[in-house]
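Going in written order, the chains are labelled A, B and C, and every chain counts its residues from 1.
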Amino acid sequence: MGSRLVPTSPLARHLLVAVLGLVVVVVVLQGVSDFRRFQLAELAYLGIAAGGLTVLTGLNGQISLGHGALMAVGAYVTALLLPDRDAGTPLPLVVLAAVAVTLLVGAVVGAAAARLHGPYLAGATLALAVAVPGIALYFKETLGGEQGLRVVLPDPPGWVLDATYFVTGQDLTTSGYVALLAWLTLLVTYVALANLGRGRVGRRWRAVRDHEVAAELAGIDLGRARVSAFVVSAAAAGAAGAMLALTVRLAAPSSFSLTLSLTLLAAVVLGGLGSLAGALAGAALLTFLPQVVTDLGTGLGLSDIRAAELAPLVYGLVMVAVVLLAPAGLTGTVRSLLTTSKGTPR
Amino acid sequence: MLAVRGLSAGYGPVTALSDVAFTAARGRITAVLGANGAGKTTLLRTVSGLHRARSGSVELDGRSLAGVPAERMPALGLAHVPEGRGVITELTVEENLRLGGLGRGRPVAAGDLERPYGLFPALADRRAAAAGTLSGGERQMLVIGRALMAEPTLLLLDEPSLGLAPRVVVQIFELLRGLVRDEGLTVLLVEQNARSALSVADRGVVLHLGAVVADEDAAVLAGDDQLRHAYLGF
Amino acid sequence: MQQLLNTALGGLTLGMVYAAFALALVLIWRSTRVVNFAQAPMAMVTTFVALAVIEAGHSYWLGFAAALLSGLLLGAFLERVVVRPVEGKAEINAVILTLGLFIVLHALAAVVFGNRFRSFPAPFGIRGLEVGDRTIALTGFGIFTIVAVVVVMALLVALFRFTDVGLRMRAAAHSPEVARMLGVRVGRMLTLGWALASVVGSLAGLLIAGGSLVHPGFMDSVVVFGFVAAVLGGLDSPVGAVVGGLLLGLSLSFVSGYVGSQLVALAALGILMVVLTLRPGGLFAHTPARRV
């Protein structure tokens, strides 16, 4: 049990961690190169999407292969609202709009998918992952087609620039600003997800995951629980998509291929289903591993293009290994993964 | 003849069978009786190789069955009709029977199928029907016929009377007696319905909480009021 | 009228390929209760094997045979070594496992064979047949595709209906414990199921590749559409797989021809959702879901 210094209410604890996290983020961001800031922004938005997905799959047991498509929705909404410098919508509102629209899409998909299980759900979300980019290609005029829509990042407000200079002694670069936004969004999202997970909603999700019939008998509306989980994870994906659009300054179909959805799932599996820290770790892997592995590959004599394929090869192998080596298969919490990997009998 | 010695088995921390020993004679029906949870089904599953014993031995006609996997049992002459009958509902009646015959390791000739059809004319009428459409009694006949297709020397039956009308139960038990008499089959019959089991069996083994509490001729057991009240519920 | 006919013919040919792929998925689902998300990359790999054989100077048919044989071996190997441990465990394990295999096979092919687009031969010609004085959208290869899939389906039906092996496989798939008690080596039947399914999948790969360009991602669209076709028909039903495949092939051909090729995936999603909303187990679902 924690000492008196650590607050006992879960919300307070989460907020404390978030504030500490923010401090760490600011410190780290100011000390690294611009390229690294870009990478850290990438890590943040992948982490947001992975967080939503781990809640959906880990806590509620629904497998979605289409979260890349939901990120696309968030990204395109952002792009549509920020087409040029004169765009009037303030940034927080843009992000909220992206989240809201994706949430609605998530509600529709979630409702349709609520009656589907396992492979049927996977199939439907798989089709979703491939269908959404196609929509962007079809409506070329409004959605930019193959090349996509450019996103213009509004200038940071004066007080942010002043505060940054005050705290870090440096000017705020674009990459720094974007990274800050992305991490802030991540912390907010994670606090929200953590609270939901720990609260009554989360318990309902888990009950539906573990034993449908018992949950129903206990008075839980299965459909509503499933849809709510889907909606929450979609909202997170929407926020992630918005951050992606701001980071890359582009919303294009090629960013949202099936590979994105699959690698999100890989990140979530590798980090441990249901664990937010694990989701972030998985996202970190997705962000930083490719460079490491590709360098290894070119070092071994492979061409650049072929070496780039080594990263997915590694994820795939680790995914297979995780499933085969976890004694009871994949379970819902990091705790049990830790226990089994240390050999303690369960 | 089936000889069981010192057989112990369990599921994790739970012991289901504790040092069980008895003999089922050839050409005789040996009933295994006891309340729910006494270990009767576990006993059959351990004998037929579906469940691993912790200790003890099982010998069929002098040959040890230790470590023999379930799928090799039919070739050794053992047929197990499980709890719930085990009808493969997706296959037809004839396909179920044919599958039973494949257990011998030889192809199944058309003539081989005449045996179960002869014993159970009702099956012959429904040979092309999906097994899932059969009534409880018909299913029981099907699975017994299917077991016989493998020409076993030992037949394990797990609660054949479950869910069947008394008249049908009588029919089946009479049939069983006939088979045993004519073919010299050894039958191990697990039943919760002790009364009807004892009326058809030669010998009775009573299990209680995984241990043998009685091993007598059926008539003796049926006459022992105290035992019947204590362990058999009548 | 001409366009209608051509669109329909194109859809029929394509539908046959989806049907074959969906059939492979259904075979594996029925025997091991696993959705093999890796089926498409497996077929892609075996097609590359065929390509290697053909580029080494041998005939198309030798390459064809090589693809089917490597499919057989790959399917058997994967079931026995990689998938066996998760059969019977919670579904999510098999999903993650086969998705992992998907990623691995994809990346491995790219590393070994490279990302270059290579052309793949098609026997019987890829020129439209002449009917009267018109050319229709049916090629010699298209006819071969239809015939090949029909023949394979007929062989499978014959195998399952009329042979002892088929009987054992069906028993092992439907009631594994009872089948064991009857002397069926269930494990071997499962491996056989995967091996056969993989051969069918390899055939689908060869049929898609014919006359087209091959690269590690060439089967990706089939992943989605083959899967949708299988789910559409009901994962338990081979007939459903065929019907689903044809239905999907025709619908998508019409969407592509009359609306736009970019919306094909959306159309597939739409069809899938409509069917699953009306019949959650697919069109030919016959087992009602057991709740308790």
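Worth pointing out:
Here is the rule we use: a contact is a pair of C-beta atoms (placed from the backbone, for glycine too) under 8 Å apart; a residue touches a chain by one contact, two chains touch by 3 or more.
Keep in mind the model is a prediction, meaning the values are calculated, not measured.
Taking the mean of each chain's C-alpha atoms, the chain closest to the overall C-alpha centroid is C. The chain with its Cα centroid farthest from the Cα centroid of chain C is B. This structure's chain pair with the greatest number of C-beta contacts is A-C.
Inter-chain centre distance (chain A to chain B, centres taken as mean C-alpha positions): 57 Å.
Centres computed as Cα averages put chain B at a distance of 43 Å from chain C. With centres taken as mean Cα positions, chain C sits 32 Å from chain A.
On the chain A side of its complex with chain C, the touching residues are 57, 61, 63, 65, 112, 115-120, 122-124, 126-135, 137-138, 212-213, 258, 262-263, 265-266, 269, 273, 302-303, 305-306, 309-313, 315-320, 322-324, 328-330. Listed in rising order, the residues of chain C touching chain A in the complex are 29, 35, 37, 82, 85-86, 89-93, 95-97, 99-108, 110-111, 114-115, 220-221, 223-224, 227-228, 230-231, 235, 260, 262-266, 268-269, 272-273, 276-277, 280, 282, 291-292. Those residues of chain C that touch chain B in the complex are listed here as 164, 167-168, 170-171, 174-175, 177-186. Interface residues of chain B, counted against chain C in their complex, comprise 48, 50, 69-75, 80, 82, 86, 88-91, 95, 98-100, 102-105, 107-108, 146, 150.
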